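Scroll down for the structure; my scribbles are underneath it.
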Amino acid sequence: MQILEFLKDNLNLIYILTLTVFIGVEVIKNIPAVLHTPLMSGANALSGVVIVGAIITMLEADPTDYIALTLGFLAVVLGILNVVGGFVVTDRMLQMFKKKKS
Amino acid sequence: MKIGVLKESILSDHRVCINPAITKVLISKGFECLVEEDAGVGSNFKNSDYTEAGSSVVSRESLFENADIIIKINPFDKADIALFKKGQVVISQLFHKSNPELINEIASRGVSAFSMDAIPRISRAQDMDILSSQSNLAGYKAVIVGANEMTKIFPLMMTAAGTITPSRILIYGVGVAGLQAIATARRLGAIVEATDIRMETKEQVESLGAKFISVDNTGEQSEGGYAKEASEDYARRQKEAVNVSLFKADLVITTALIPGRKSPVLITEEQVNQMKNGAVIIDLAASHGGNCELSKMNETVLHRGVKIIGTTMAPESVSTNASDLYAKNMLNFINHLTKETQFTWDLEDQITNDTLIIKNGEIRKS
Amino acid sequence: MMITLDIIYLIATITFIYGLKLLGHPETAKKGNLIASLGMGLAIIGTIFLHNLIIPTFVYSLIIAAIAVGSVIGWLMAVKVQMTKMPELVSLFNGFGGASATIIGLVEFGKNIGNASQTATTMAAIIIGSLTFSGSVVAWGKLNGRMKSLIRLPKYNLINNLVILGLIIFATYFVMSASNSQMLLYLLLIGALIYGVLFVIPIGGADMPVVISLLNSLTGIAAAITGVLYSNMVMIVGGILVGSAGLILTFAMCKAMNRSISNVVFGAFGSSNAAVGDGSQSEKGDIRSTTISDVAILMNYSQRVIIVPGYGLAVAQAQHAIHELEQLLESRGVQVKYAIHPVAGRMPGHMNVLLAESNVSYDKLAEMDDVNPEFKNTDVVFVVGANDVVNPAAHNDASSPIFGMPILEVADAKQIIVNKRSMNPGYAGIENELFYNPKTSMLFGDAKKCIQELINEVKNM
Amino acid sequence: MKIGVLKESILSDHRVCINPAITKVLISKGFECLVEEDAGVGSNFKNSDYTEAGSSVVSRESLFENADIIIKINPFDKADIALFKKGQVVISQLFHKSNPELINEIASRGVSAFSMDAIPRISRAQDMDILSSQSNLAGYKAVIVGANEMTKIFPLMMTAAGTITPSRILIYGVGVAGLQAIATARRLGAIVEATDIRMETKEQVESLGAKFISVDNTGEQSEGGYAKEASEDYARRQKEAVNVSLFKADLVITTALIPGRKSPVLITEEQVNQMKNGAVIIDLAASHGGNCELSKMNETVLHRGVKIIGTTMAPESVSTNASDLYAKNMLNFINHLTKETQFTWDLEDQITNDTLIIKNGEIRKS
Amino acid sequence: MMITLDIIYLIATITFIYGLKLLGHPETAKKGNLIASLGMGLAIIGTIFLHNLIIPTFVYSLIIAAIAVGSVIGWLMAVKVQMTKMPELVSLFNGFGGASATIIGLVEFGKNIGNASQTATTMAAIIIGSLTFSGSVVAWGKLNGRMKSLIRLPKYNLINNLVILGLIIFATYFVMSASNSQMLLYLLLIGALIYGVLFVIPIGGADMPVVISLLNSLTGIAAAITGVLYSNMVMIVGGILVGSAGLILTFAMCKAMNRSISNVVFGAFGSSNAAVGDGSQSEKGDIRSTTISDVAILMNYSQRVIIVPGYGLAVAQAQHAIHELEQLLESRGVQVKYAIHPVAGRMPGHMNVLLAESNVSYDKLAEMDDVNPEFKNTDVVFVVGANDVVNPAAHNDASSPIFGMPILEVADAKQIIVNKRSMNPGYAGIENELFYNPKTSMLFGDAKKCIQELINEVKNM
Amino acid sequence: MQILEFLKDNLNLIYILTLTVFIGVEVIKNIPAVLHTPLMSGANALSGVVIVGAIITMLEADPTDYIALTLGFLAVVLGILNVVGGFVVTDRMLQMFKKKKS
């Protein structure tokens, strides 16, 4: 029952989840195998969106709560590592799809 | 009506103008067929094939005596004409424009004569067009003869004992024979180039996968699909454009004809001198004077390592097929001229009008 | 001005979707990556500056510092890494993302005690985040050889399933009890970390990409869960997007490797190499089999391709197909020629007859002696149905029946693709070392069928 | 070392064992080349071509007088042997198994003799394998000769004057010659069927797009890629399986040989009697007795409308290419036997061992 | 139990998305339609029975009656209609949907006076719903010939734009003024109805499908807007789905008809026929040009196809491609043969040489006399680069140069596809009436290119 | 400003709209031209989802408000016509994609 309540309260969220899953599936299927690795890498960079949460954690932390700040700092560093490293690596992988000039 | 099928008198011509299958059709339409003894032998039709099809195999004399219509492929010769009887209808190739004497002689016998070579090149006459049907085979056979005479093979082959480079074939004149020659030589793997005075043949040559050698032909004209005589200037431009290929060629096939004229000289002695040792020229225009200066009809001339074969014998030697096609053309022609076995003499009709050279001894065309 | 931030998040979300979509085509992939990264940048900057809290400067400085430090390190790592080491780096980055989610969960835990649904969410973030972290680090270690490729406890499947079950029960109890025990929390954390390790260690190195993709999908879900914590749309949608796309990608990768999905789900990874090849692999080395789309992309983006036709091309009657492929590649600016070995096929000139039939231009046929020096400048050699004529045993193995026969030196080329139906030998009846060359990939299948599929694949690029 | 290139003495053989291009290679390796006058004419190589390549064109006598190595394609004839000098090395095809007399004679002259036909069929000897290189051309030429002799064309053609049905070609024996014959006939558009006692040839035939006629061959064996003699039972089964095709065939090419034996009779007179009027048989095995009962070497037999041509002349008539390939084989062979122009006499080596029939007058093989 | 209804709506939404997706492939389209309809049924039944209002039985009866009546009528109309009249029926149905939305808007209007955003929403539903209704009815009238195909007021574009602008301003004022005037409301309604008529009348009959698709997209949007009124998710998502899909479909249809999108958006429809063909159309009738995918589907789902090759096939060197197409179709269970006219091409046997090159089996080549009686049992004749040999002028027109020549009687077949590059004549230099035959569709383009694209298209089915 | 407010209040709705548009586009593009008409017809049937609104109108109508009931009745009839007719017509159109048996 709690679950049903939860569902009801978050109906919009559930629609959003459903639709997003549809899009995720629709967008990925039928990609050529050579793109598997770059795509995995790109998706990995996107999963770094958790950085947003990390930043919020720091913003919301009590400025005197050093533990929270330290943890937040760590979370931001790790998150941005994921994002920046992810995108740059993906970009490098994709170099090989540039048409060579003769 | 009795149709008399003569045996060809030229020895090298193995064809016969009607095959057993077609005699059967004619008989079913109400004609009778008298076939001269051994007429089909050169085409691998036995006398028994004819009799089984319902014809009578008869002697030459009895044929001339009894037939109402007398048919043959090559022009009638003196011996034939002497036996014509007044009122008979005779059909063969007469080449009336270049053979006025022959026409006079035939006319003097009081017969009516149709000439197969005068059939107009219009769409509905395509199935009677012996020029097309025979030239086609000539194109094929010219390549086979060439391949047989050459000391090289046509295709490229990379083998353990080294690479054989493909033969280079050059074709002058891309009418029906030229096109079929291109197709055949290409099939065998040769590198084929071709040239023609009519520019519309470029696309046709390329549609067969060969290379066209373009010669600037400003000033030249064609007439109803046939080429007219080329100017001297054109001949010079043509030599310039083609010589490179000619001097590399292993086999040259020439087919350039101008209807009713001597065929143009496209390869001079001087050009032959520069050709490859061992090259072969097949001159299908030899009977009209030849496209190569040195060619002699029905002879093989050897000039400074180049073999020049003057011939029209090409279709005559694939005689079974050639006779089949000729017979079908002849059938269609006779069907066109007659209604229930009787001639209609419909002179309004272009085909009848163009081909009826002599009507009851009176010369209509010359 | 929170509404501006919402709009920015919406835009970022759209760039994620659109970027991911573009990443799916070779031509647009780079652009897609760029677009998604711009969206991410926007979201980050927006998050920092567009809010209505009052933040002391030193916190700002901390945030900026953290971002600066992380960016520089991330960038350096990504730029310095060798091409071949990229997958392991991806795994490491992915682990960092998981760690980040875990930390957020830990920080948020204290704030939400008593609110069951919030606590559950936090817990989920911690569990998923930390198992992703430890799993990714193990995967990274395996790929770069720091860790033995395959460690299997007895009954590892059973153990793993028990551990995860235990974790879930523990977490449920935790939520129900509305406990605020930090100790229990760290116990949960450690449990999840251990599970991540247990999950990945029994899996063989060859399957790592699949595992990374799966872990990546989990990081996405962790991010989405964290997003729920803050009701943050870009995190939710972005996370779920990565979660679903990652899962589909995992399946696709399994399929490309000829592994069944249940193999993956039930932890039966690791049965190491695909079932191709005979028993002699261990001596000769590994056989790498490749797929149509890999070959298609490889060829399409090459400059020089040489096709080596053999008897198999004739058997498959694939002459028309190979000609079409050749023309297609030429139309894409690839230089293509055929290397004709003098005894390829079963009669002198067999390949010439065959290729002439499909109208391959004579100019494109190169003789062995002419073409051998060219292989070293060739990007891809495509060996179709040939075997003996490219067998290095002719040079190396005096006891082989073809010893002394000149061969096409395809091993000089940068990459070699060999298309044949099986590992069966050719006319001479001997094995071919070329197939075990590290530069060689095998494309198994009937030549005609394979080439036709290649044509389709190249056309779609 | 001086290599002497003899002119072939068989008139119908237009080949020469070394062409100008290869003499050049030999000379660059330190050999000298003496070429008999007009040796290359049949292959369209002029004497001047040889001298330009650095050889000397010499008289027959001077050749035998001066050469250290004497080479030829066909077995040496009496006139040649009489002129051998002790210590010379002579190379040609000797067919030592079936020609013990010839071997004795040569041996008696105290020379060393290599036989080209004894080169083993191993991979590294493929580039010296004259059997392959010449059979290949024979297969091609047999089809061309057949096409030239037939009164039909090969391909299907649907024309306004009726449809020409494609010719049907049947090939017995799918070795090197048979395969090339299949390929060539297929190129020209014929319907091709083939049969062989070795079942592995089925796939090869199909790889050329032709149809294989399977004969149940349980009990038959092959040996190192060559066929062994077939049992009578097999011969009967073969007839049953093939007759349908044989009696419809327009052209039959037979190439079935068994090394060192009389070739098997595959077509009896009784079978010929049932063949089509106008059919052609080209028997490439004629020199080994023929696959057709009626064939006679180098003759055209006409039997009840069927033309039977017994020949091996096929490669000899595409002499330019045949000489080129032969010369390359010869070059590779000489290269294999010598080091810095000196013979190594390495009898450990299989190729040398198999081909060295006589060493300094002593017969090693028989 | 409203939560159950929410779940039902979620399921319905998913069936809509999934159904639409399946509708996009020939193989799965029927299934897609079924799935979507099941979802719809579920949503309807759920709406009726799962709510927490107390409803008198007679209202229930009314609803059930309405549904019964509408279902029966709708079903009968759909089942009875002729195949060729379907598009107009679709237009009519679409109009009904619009009308339904309008009525809902009218009913809701009274309830929401004072709430600006609700009023605005109601207004939007009324405007869009009613213009869709009137526009659809006009489109229906045009298609079934009840209405003259093309009525153009002078400066109709300007007038139309002014009318819609006026409507919007009027509606905005209405919302702002918070008026409750029924009169003004009906004025708005009438205005929208008029705009719908004005929008469609200047458009030519050939463009109607595009218009219907556009109106359909609008109905979807109207439904979504109505959904906002009730915060009803299935209506919102379903409506937007139809709205966006319909719009993309509209663009796709324009593209398939070679019309630019701006042509559509700026009302410049109606320039009637595509720009193909010469001036003589009016005398000879219309040329129907078709697309690769239409031809591909047509062939793939045929039983018997006859290919008529001509000189153009040789010019295009498409012999290998046509052979591949033939084999592909055969592998799909289609019977394919070639009809060879004796003078097709430029030399006797030209087609034979050509097709033999690509190894077309001799058995597949049929002679004219044998094949002519077969055309009437043939689903599709594919004429590739042939012209004179299929020109009925040879029978009909004594003055034509080909009069008396026998031809291939392709007009007996059920459908004829002619592939050539233009309307240019062939060798004989004369026009070909066959191209104007109602059964003929022209596939313009180079034969090789077209056939290769056909192959791809068929492969993807 | 009002619009911004509206946006803010309906943020979830906007996400849903955006995602749905994405799906609509993704699902339709690249369909073969012969399916255009059936697809149009299928989409048309789906747009009949307005029937749900029509039913709600009737359910919510005051049982004595005959005008509202009549109008609602009409709306339901028209809506269900659209739905049923739409699906059935689509199904009939799709008959032609059944593989013919020989």
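Order as written gives the chain letters A, B, C, D, E and F; numbering starts at 1 within each chain.
Operating definition for what follows: contacts are C-beta pairs under 8 Å (C-beta built on N, C-alpha and C of every residue); 3 or more make two chains touch, one makes a residue touch a chain.
All of these numbers come straight from a predicted model, not from anything done at the bench.
Q: Under the touch criterion given at the top, what is the topological distance in steps from chain A to chain E?
A: 1
Q: Identify the chains in contact with chain B as well as chain C, in label order.
A: D, E
Q: Any chains in contact with both chain A and chain F?
A: Chains that touch both chain A and chain F, as defined above, are C, E.
Q: Is the contact between copies chain C and chain E built from the same residues on both sides or from different ones, judged by whether over half of the numbers are shared?
A: same
Q: Hey, what angle do you get rotating chain B onto chain D on C-alpha, to the nearest 5 degrees?
A: 180
Q: If you average the Cα atoms per chain, which one ends up farthest from chain B?
A: Between chain B and the rest, the longest centre separation is with A.
Q: A-C or C-F: which has the larger count of contacting C-beta pairs?
A: Taking the two pairs in turn, the one with more contacts turns out to be A-C.
Q: Determine the centre-to-centre distance between chain B and chain E, using the mean Cα coordinates as centres, and give it in whole Å.
A: Their C-alpha centroids are separated by 57 Å.
Q: If you average the CA atoms of chain C and of chain E, how far apart do the two points sit, in angstrom?
A: Each chain's C-alpha centroid was found; their separation is 41 Å.
Q: What is the distance in Å between the mean C-alpha positions of chain D and chain E?
A: The computed centroid separation for chain D versus chain E comes out at 69 Å.
Q: Where the CA atoms of chain E average out and where those of chain F average out, how many Å apart are those spots?
A: Centre separation, chain E to chain F: 18 Å.
Q: Where in chain A do residues touch at least two different other chains?
A: 13, 15-16, 19-20, 22-23, 26-27
Q: Which residues of chain C are in contact with two or more other chains?
A: Residue numbers touching two or more other chains: 17, 21, 233, 237, 317, 342-343, 348-349, 353, 356-357, 359.
Q: Mind pulling the chain D residues that touch 2 or more other chains?
A: 126-127, 132-133, 136, 155, 157, 159-161, 164, 187, 189, 209
Q: Sort the chain contact graph into one of these: line, ring, star, complete or other.
A: Basically it's none of the tidy shapes, so other.
Q: Strictly by the criterion at the top, what is the full list of touching chain pairs?
A: Every pair of chains meeting the touch criterion: A-C, A-E, A-F, B-C, B-D, B-E, C-D, C-E, C-F, D-E, E-F.
Q: Spell out the residues on chain E that touch chain C in their complex, using ranges where they run on.
A: Contact set of chain E toward chain C: 317, 320, 323-324, 357-359, 456, 459.
Q: Can you tell me which positions in chain A touch chain F when the two form their complex?
A: Checking each residue of chain A against chain F gives 12-13, 15-16, 19-20, 22-23, 26-27.
Q: Which of the residues in chain B come into contact with chain E in the complex?
A: Residues 122-124, 126-127, 132-133, 136, 139, 176, 179-180, 183, 187, 203-204, 206-209.
Q: Can you list the residues on chain C that touch chain D in the complex?
A: Of all residues in chain C, those touching chain D are 311, 314-315, 317, 342-343, 345-350, 353, 356-357, 388, 394, 401-405, 428.
Q: Across the complex, what residues on chain C touch chain B?
A: 340-343, 348-349, 351-353, 356, 359, 362, 365, 367-368
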